[in-house]
Every structure is written in C-alpha cells, then in structure tokens.
Amino acid sequence: MNTIGTDFRITLFGSSHGPVVGCTIDGCPPGLPLDERMFENDLALRRPHPGIGTPRRESDDLRMLSGIKDGITTGTPITLTIANKDVDSSKYERFKAVPRPGHADYPAMMKYGEHHDIAGGGQFSGRMTAAMVVAGTVAKAILSTIDVQVGAYTRSIAEVVDGDVHSITHILEERGNNPVRAASADMVPKMMDEILAAGEDDDSVGGIIQCHCEGLPVGVGEPFFDTVEGEISKMLFSIPGVKGVGFGAGFGATKVRGSENNDSFALIEGRVITVTNRHGGVLGGMTSGMPIMMRVALKPTASIGKEQRSVDLATMRETTLKIEGRHDPCIVPRAVVVVESAVAMVMADLCIRGGFIE
Amino acid sequence: MNTIGTDFRITLFGSSHGPVVGCTIDGCPPGLPLDERMFENDLALRRPHPGIGTPRRESDDLRMLSGIKDGITTGTPITLTIANKDVDSSKYERFKAVPRPGHADYPAMMKYGEHHDIAGGGQFSGRMTAAMVVAGTVAKAILSTIDVQVGAYTRSIAEVVDGDVHSITHILEERGNNPVRAASADMVPKMMDEILAAGEDDDSVGGIIQCHCEGLPVGVGEPFFDTVEGEISKMLFSIPGVKGVGFGAGFGATKVRGSENNDSFALIEGRVITVTNRHGGVLGGMTSGMPIMMRVALKPTASIGKEQRSVDLATMRETTLKIEGRHDPCIVPRAVVVVESAVAMVMADLCIRGGFIE
Amino acid sequence: MNTIGTDFRITLFGSSHGPVVGCTIDGCPPGLPLDERMFENDLALRRPHPGIGTPRRESDDLRMLSGIKDGITTGTPITLTIANKDVDSSKYERFKAVPRPGHADYPAMMKYGEHHDIAGGGQFSGRMTAAMVVAGTVAKAILSTIDVQVGAYTRSIAEVVDGDVHSITHILEERGNNPVRAASADMVPKMMDEILAAGEDDDSVGGIIQCHCEGLPVGVGEPFFDTVEGEISKMLFSIPGVKGVGFGAGFGATKVRGSENNDSFALIEGRVITVTNRHGGVLGGMTSGMPIMMRVALKPTASIGKEQRSVDLATMRETTLKIEGRHDPCIVPRAVVVVESAVAMVMADLCIRGGFIE
Amino acid sequence: MNTIGTDFRITLFGSSHGPVVGCTIDGCPPGLPLDERMFENDLALRRPHPGIGTPRRESDDLRMLSGIKDGITTGTPITLTIANKDVDSSKYERFKAVPRPGHADYPAMMKYGEHHDIAGGGQFSGRMTAAMVVAGTVAKAILSTIDVQVGAYTRSIAEVVDGDVHSITHILEERGNNPVRAASADMVPKMMDEILAAGEDDDSVGGIIQCHCEGLPVGVGEPFFDTVEGEISKMLFSIPGVKGVGFGAGFGATKVRGSENNDSFALIEGRVITVTNRHGGVLGGMTSGMPIMMRVALKPTASIGKEQRSVDLATMRETTLKIEGRHDPCIVPRAVVVVESAVAMVMADLCIRGGFIE
C-alpha cells in the first residue's frame, strides 16, 4: 500500500496526471526548522537537466498544507503537495489496450481494471518520486540533528563506471554540479556520451547509483526482520526501475574468501572502527558505526521511441507499438536524489525507533 | 522486530543456545494438510551435509504446539518449535569482549548490552533460520493450493558459476540430490572443491543462490511500497550473510540498452507472456505472470579458523582472535532452502493479501 | 499516530488553525462513484446548527486532490482537504501557559513542548473530525456496495433519553431533520431545552449517541485481537470527548442473568437470526448477522464560559481562567455523523480484510 | 489477528483443547528479572476458586521457551507456554451443528468452517486469557521499573456494587484475599451470594471490573488514533465477555454539566494535579498524570445449564440445547487479573513507544 515506516511514516498520494502528487509525513519531531528552499534544493536535483532530460517542464509548485508553522515543524503530520502541470493525458489511453514492454501497464490493468488511471503511468509514474524527494528533505533535516548525512551519486551509466571511493562531503558538494549527478568531474563527459548516444538511437540506458550514509551511531536497526538492509531495500524497490540492491561488497562478496571479506576491528582515537568496509556499515542487520554504503541498479528507461512488440488486450492479437514524444533516455541522474531520500527516510525511521533521535 | 507479514504473519522466537527455536504463523487458512514429513523434508535440506558442514549435529526435533489437529490446519495460529541440542555455550562468552569480524557481536553488544545472550550467536545465529524453514513449509503448502511452486539452488560458489537456466521442476528434483544444492550435476564437483579447499585453509567461501517462483497469477503485489521485490528483499536481508539481491537481469540490466532489456509481450495459446524474462517476473512491483527470478548474494561465512584482528572492548586495546572448533566453510548450500522459504512466505502473504488465495 | 486501518487505511492531517484539515484514504476499490454532493451531505450534518452551535462559520470548502477522476475512484489513494476559514488564533496562546480543564492542553504541552500548535486545539481540535466525516463518506459508499448501512442518532442529552428502538431506515431519514440529530421528533424540544439552558448558564451538556450498522454478513471481524468491538472502540475513542462505549446491552448486561442475556437462535425464512439482540450483533468478536448496535458516551463540552480553576505553568501558581467567546454548549448533535463515519471506516476495513468486499 | 502492540508486542497461540496455550512477547527490554513465581502469582488469581469456579482443574504448567536466561530477560522474544490438562473434547462436537446462545460458535462456524477447532471454545475459549495473564506479568514487571502499578478488582456482581474509591495499594493487597477478587471485604458475602444463587439456578451472572493504573508520567499515548483509551479498549474487547468500557466518569459523564465534569487543575507540592478525576487520567488521548481509572462490563457467562433455544445448522431446524456439566456461574472474579494484564500490556507498549521506558 501507500504508507511505509513505523515511527517516521510516509503516505504517498496523487498520480502523474491528477492535480497533485504529495505525501503526509507522520512522526516528525516538533521544533525542526524546515523552509521552502530546502525542499526546492532537493526537487531541483530531481528535475530533468536541459539536454538530457524529458521535455516535460516540472515547475514543482510546492504547498505545505500542514505540520509546519512559520518554518518550524509542530510535531503534527506534515502534508506537502506538488502541483502537476504541463499534462497531456490523451496519448496514454492506448496503453490500456496495448501494454508497453517494461512498464507496469499490463499487471496494473489486470489488477485494477478499467478504472485504473493510466495517464502518465498513473500511480506507477516516476512522478511519484517527487513526493518521495520532499519526504526525504524532512528525513535529512531530522538526521542532521544527530550529524548524520546521506549522499548519493551516479556510479555507472551502462559500462562507464566510476570506480573511485568518495567521501560524503565530496559527494554532496559535487553531485549537483553536473547533469549526470556524478561525483567525479572526469566521469561526466563519458556518462553524458552514453546517455546522448542512446537518446539519438531512440533508445535508453541504465546505471548504478551509489549511496552513503555517514555519522550513524552503532546499533541502529531492529533485527530479526527490521534490519537496516531489509528496510532500505524495501524502500528502494518501490522506486520505479530499481532491479538490484547490494550493501558493501554486495555481489562481489560472493567471490572472495572470508579472510578477505571480514573487516578487522581496530581502534582510532579510542573509537572502534573496521579497517576496511566491505560489510557496508551493517552487521547482523544493525549499523556498525562505519558508513552505510550501497549500490542500486536501475534498468534502462522502459519508454523508448523504437518500435516494440506487444499484445492488444482488447482484440487479443499480437501487435507493435511506438511510444511517441521524447522521453528521458536515462533516469539514473534524476533518481540519484530519490535514492538519497529513500535511504534518509528509512534511517530517520530506524534512528527514531531505536531512541537515537527523540 | 521479530514479526513479519501482513495477512500471513510469522513471529520468530528462541535463540541458538536456548531450549528451542520456533515460530508462530498467523493467517494460515484452515483445512490445509500439513504433516511432520513435510517439515522434515525441508529441515533435511538445511542440515549440514557430511563432509562439508559444521559438526554440530542438529536433529531438528520438531513439535507442533498449536494450529494443527490430526494433520490438518485449524485456522488458528500454528506454533512450531525445534529443540536445540549439542550445545556448548562456554566458548562464546569471550566474543562479548572481543567481537568477531563479520559477525553481529559488536553492534549487538552496543545495542543490547551485557544481558545479550551471545551464546551461539544468540538471536543472530544462523540457527534462527531453522524456524524460517518450517514457516516456509507452511507457506509452500499454501501456495501449492493455487499451483504455485518455489525452488532455489546454488548458482555459484566463489567464482564457480552455473550459467544455465533451469526449470522449476528440474530445480526441485535436483537440488536435494547433492551436498551443494546445485541444479546441475556437473557443477557439483567444482563447487565442492571450492568449499573443501577453503575449509582446508581454515577459511570460507560465499556464493549466489538463485530462486524461482512459478505459477503465479498476474497482479500479485501491493505497490506503491509493498512491492513483490521490496517485500521479498526485506525478508531475504534478514537471513544472516545476505548482502545483495537482484531480480531478473538485476545489476546486469544496468549495462544494456532499453531496447534489449525490455521484454516484448506475445501470445502463447491465448495467454499473454513475455518473450524473454529479463524483468524477472515483476513489473511495477506486481507479478507479470512470468516466473519470478532472483539472485541472492551470500558472503563467505564470517566464522573462520584463521587468526583475525579485533578489539578487546573491556580493555579497549587491539588484539587478535582465533575462533576455535570447526565451522561451515560455506553456508550457501544450507541457505538454499532458507531462501526458498523466505520467498514462499512473502508470496503466500501477498497472494492472500491480494485475494488470490482465500 | 495519525494512520488507522489495515486494508482500508486513513491518515489524518492538518490542524484547526492551519490552512486545511484533510485525510488520505488508502485501499478504496476502483470504480466507486463518489461525488461532491455525497461529501457535502455528510459535512452538513456536522456543521453547527443555527441556534445551538458555535458561531464559527465552517463553509467546508472541499478539495479532491487525488484518487477520484470524473466522479469515479481510481483505486489509488484518495486525498481530500477541507480549507479552514474564519480563524482567530490569538486567543489560544494563553492556554499554553494556563491549560483549560478537560482539554488536551496540559498533556500536549508536556509531550510536544513549545512548538505545539495549540491554536484552536491544534491537532486535538474537534475540527479534525471534519476529515473523519469525509473519510466516512467513502467508507459508507464502499459498504453500500454490499447493502450495508450505518446510521447514528442522539440517544440522550443529559438526563433526556430516547428509549425507543429505531430501524436504520428511520434513523437515516430522521436524524438530519432536526438540530439535535434525534431519531424521534418528540425528543427534539426536550433535548433542545437541555442544550439551550446549559448555554444560557455559560455551561455545557453531554449525551449518548447510538449507532447501528445493518446488513452485514456473518463472520466479519478478525479475532483474537482485531475484534469488531475492539476496532470500533479504538476508532471511537479518538473522537474528542468520547469517554465510554458499550455494545448491545453494554453495561446493562452486567445486571441480568445469563438466561436473560443470552439471545436465542431462531430461523426466519430459512435465515438464522437471534430472537433478541442483547449481544449487539457481535459474538466472539465477529458479526452474528444481526445489526451491530452500540452506545457512545460523550462528555459535556470542555470549553465553557464559566470561570474555572487552573495552574499557570509559566509561574507555577494556581490561577483562574475564563474561556472567552461563545462555544458549543453541546457537541453531541455534531458528533452524530462523526460516530457514524468512525463505525463505517472500521466496518469497511474489516469487510475488505475478511474478503466480503473485493 | 493474534498479534497486538507496536513496540511491546504480544502474539497469542494455542487453543483450549490443544497441547498448550501460549504467547510470544517481543520488545521486552533486556536485564529485567522475571521468575516463575511472578507468573505463578498472576496465574493463581485467574484460577477458579473452590466453591464458585469451574471444576476443570488448571494446574497451569508453565514453560519458558525463550527470552529468559537465569531469571533475567535477554532482550529477545519471550515465549511462554501453559500446558492444557484435564481435557474432555467429546462434548463440544455437537456445538458445531447447534451453536450455543451467547457464544462464538455460530459466527466461527460461518467464518472458519468445518476445520474450526471448536473443542473447549477453541481459540474463542476463555482459556486463551491464561496466555494474556503471563504476558501481563511481563508488562507489569516492565512498568514497575518506572514505578507504575496496575490493579483491578470486582466493582459489581449483578446489582451488588462496591461504590467506594480504593487506592492502588489497597486494591493490590486485598483483591487476592477473597474468592470474588473484591477490594472491600464487606462486599464479599453479598457478591458470593449472587454468584452461588445463580449457580444453583443453572444460571449465571456478570459484573463490572474496575482497573486503576497509577504512577504514569504525563503525555503517554499517541493521538490522533493511538490514544490511551483506544488502545486499552481494543485490548479489553478481546477478552471474552467484555461488552462495555468507560474511562473516568464514563457514561456518567453524559448526565452532568461541563462545569461539574471538568476537573480543575491545582498544585500539590509543586506538582500539577487535578482536584477530581472524572476524566479518568486521560485528556486528549494522553495521560494527565492522574491515575487511569476504567470500568469494564462483563456479561453473564454464556454457558448455562438451563435449556436454551437454538438452531440445528445441519438440518436447518429450530431445536433446544442443554449444556451439560458444571460451568463458572460468573467469570468476573477470574477476569480481574486478565483485565489488569490487558491494561498493563497496553501501558507498557505506550510507555516504550513514548520513550518513557527504554
């Protein structure tokens, strides 16, 4: 359903071509400063960058309907809405009959039937992630009260991979300065090339987003089931296009011996650390005090201009389909702040649950 | 916490060196035949295989305390316990002071303090997965009423990879016939070699488990947040050692173009299918009717005989640590049925939630 | 927190003196006709009646932000907001220091601190119940698809009691025709007299609301814990002013013998019924097929014009307090539709959970 | 379903005539002393008293399966089972066809069908409350760490009412000293007479249980929906036989003016109190710091020896039914400790949720 979280709880609503998308955030502590600029900064990271994005102009007209008074949270639920504009629903009606490959159209039709609001992808549209972003703004503000930071960046586009390790400070400084949301300036042209080339071919590319969360106390997470990895991955898989998640060495951990994969404990200035961080900051489902590090696989955008094979559900015949208009040849750059928000929401919830934040 | 699921709900209890591990299963429909042999078959798949496993003899003495009468479920909660035997807690006390690398010891001590029952890993022990297995037996029985099958097998051990695609029938027939729980007889010796070599070096190896779920109707899953992938991955990350999850092409999807990654729709005997299954049976968080296919990364066993660096939390000095006794050089084979159970539990829950099973 | 329900789930937001109060409703089936008039009819029942109500003019300017398209539900979350108008917050600031007897001021200050938005009672205001009413409109529309009806009326004001038993048809026809929301025309003058007399004395009165729910199938409710009575009473106690709930004979059942209190089973036209309905339609936490009948005790309005004793929390001295302006001398009539909505929301949720509504 | 609570969570299992009834308790802090004697003392209060009770001898053979080590909680889930003995299921089979008036038989048959384990009332048996009692023992131990006490007693049996107000100390000292669990020694003979007279007539009586909870901090409770009254009443209505709940003045509040019903604030030794406690310790759904006081209406035992009218569901004809054997003519005395446990469980949960207990 559309609510997630235990002590910090988010409910999403709206759809791509309705009046708004929005969220209600329950469990935000009172007294937290939150102003429009903070929301706007995060929303800006999600907007399509000129040159590589969709032509849909999203002005992200934000309204704070409840829970914030004079720029300070009151402790009651925060409701935020973002108006939808520039909407042309007409071209979507056809996808009820002829589902687009790689999209939710087919199972959504089977599950919700004719009343399913398919326009713009309806509830399955990437537009819903705008509401996740502003909920993430609130979560990041909460985490900042205990000096926890969350930052994501584009690790790879297709085969172009940024193999460097970046500090959270570097990530947060750099990822807004370039259209692909990379952490390394020298990766930008190569990643851009991949995206533009795909666009020119009426095709698309995917990539990997890396996300770090630093400054966490030890012991955040509520095993057996409500583990840090489990809660984060559940949230991440609700982002359209995510197909894989790995923590620390992730799938790479399967290829080395235990003696190499185990991170030794050591002391630095009286503080317990691990010498390496192949465990990605989580042991036994709880934070170890080391940075949480994860990689998130995003498939290439499903909407492409190329002709594709599908089935006409009305006539039950095979057919072909061309998705008109221009589309994002790569959603990875725009998803960077969404992943960041998703991780922030989960960690705010787990920190509050564990009593690390009041 | 220790409860998961919405309409089919599992609560785990017990610890490695207490009297029992067990589970309470709420939401199982009445009238389902369930006998001891079904539980025993699944537990047998989890027991260490002579030659590659731990020497701890787990007889898995099962008791059905409630919810089953004369081999038929009554519709009330099912409580199952498995007695713990062959317990030697003495050697674990030291890990409260000197946490084992790669284990939950350190965050658990920080979170739960001195009363934390560390013996045998306490609540973080792999022993807890025995309780997941019997809950999985119930879930698989429920799914079988609508002809849904779940099967897992060892896809890789270290660098030895089974690249073949297997049918669920083949998986379920084959995976019990060999110690590594492989689906291909010809992979067995190579995988065995990896495991035995690691054991001889007082070291360990990890690997990848592949799991399929077939026969599902279209539209199972409750987006926005309670997606098939999200619910499954949350459950999977509670299995000790899991560090990554991918659906369908998973991380591989990030490297190809959309035109290659999108699975075309077609008709076979009047039924809508996709020609390929790179989406892994899930679109928009809901089942597409194609088999769910996922890969689960398990790190090498954290307990190894080699000397490792750690910190003595009592004296706050760096130290070294050797874990005595023999340990599983590879948990992947035993985790195969655990992954299978985890997936079955989630799919039973989502099928009941969606009204696909009464 | 501000979310309730399992399969039909309501999240409330807003506060009395913020821009809006509103709710997000998750789990409403697609294809349900819902128009503004239906909401308006229910909101009208909650508005103060000229002559006995508060002077605050509530125009209840409703907006449907999501989930309804062309008057039909889409299956995605429904968000409804009601604009707040006619707001004068200035007079409330004082209650942060000097809590009003019978109000939430004191515990709210202790719990939420200085940032607590106390204006108009903030989140504890009766204004929040406007959002419950429109959620109830949706719930009643859902229940009507299986011919279930919910209706409430004023059973008593102070000592004036309507001892008659009314059919649901009669209740629904009658309760909107008079200012006290009574089901018997002849009770109206006496109830009015009680309310007006209290108002003239700068005082207030309470009363009992009776609510029926008819047409339910047998077996709705999810014991052991999610009983019909338990779920309804949890919802009811969130309505400001509710202090007691009884089902069927309620407290009266404690005074008679079992042979008198047990309702005999009988057959009418092949249908199992009970000859009497002292059990109030619920046996073992599940519906029996007989009408659910409950009584809800509402205390007299806490806001009265009379001088009252309180404590100044800033100076920690005893003091007195007079609440200026005019207030509802009796909230019972306005709460009738709120109780109706609360019961409808719970029964819609339990009917969906039990598979009685798809 | 069979799980309740958020941060302190109880799952019940078992049935009257299965091997055990039991519970799993999640969220109990580590380091809490808990010994068998504490459980035994509470179970003893629930056992039938010679002379007025059922002849079923319940020895309450308790087993602690997990979560307690050397008499100290470990922080992992606590599982407790109580063996069932002295079981004669044969006489219950008939009630599947001919439902007993006032019992769950009829809706349970309609809901769960033929596999419903009706023996001894199955999951609807009062026997389940034994598991609530031991969960309550744990909750009371948790509350005692912040000096919160819970105590209940029999306020009335039929028309015999104890109108006195009792301190919690007095209640806890007195209620175990007499068979009816009264707080006033002089009420005992009159209450006994009512019960014995009903028993001699093959009939039964009900009554009212009063419960107090003292020592609570201000601000416990999580409105809007998770109010103290709402959470407690949901729990209470799961106790078989409960038909009404009132807090403070309860239904009595409906008959007086606001000026009489509002409790004035005052200072005692620098502490804010209310001069009276008609609000029953809860304002706006949160604790006020005054004792929580509630009354719980229990109907007369449904099982009576007198001949009653019912319907044969197999033949669909009206018939009569006599329940053989001896039955509790009054469950009120045995339910006293169950109510106490229910209230303790909820308050432990809300105190942990609110951060008042770590």
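Observations on the structure shown:
Order of writing sets the labels: A, B, C and D. Residues in every chain begin at 1.
In the analysis below, a contact is a pair of C-beta atoms (placed from the backbone, for glycine too) under 8 Å apart; a residue touches a chain by one contact, two chains touch by 3 or more.
Everything numeric in this text was worked out from a predicted model, so none of it was measured.
Between the two copies, chain B and chain D, the Cα superposition rotates by 180°, quoted to the nearest 5.
With centres defined by CA atoms alone, the chain at the far end from chain B is C.
Centre to centre, using the average C-alpha position, chain A and chain C are separated by 39 Å.
Here the spacing of chain B and chain C, counted between their Cα centres, is 46 Å.
Listed for chain C are residues 1-3, 12, 123, each touching two or more other chains. Chain B meets chain C in the complex at residues 6-7, 353, 355, 358.
The part of chain D that touches chain C in the complex is made up of residues 1-4, 12, 99, 101-108, 110-111, 123-124, 128, 156, 158-159, 198, 201, 203-208, 218-219, 221-227, 229-231, 233-238, 240, 242-251, 253-259, 261-267, 270, 272, 274-275, 279-280, 283-289, 295, 297-304, 306, 308-311, 313, 316-318, 354. Against chain D, in their complex, chain B makes its touches with residues 1-3, 9, 11-15, 18-22, 24, 26-27, 30-31, 65-67, 69, 72-79, 81, 112-117, 122-123.
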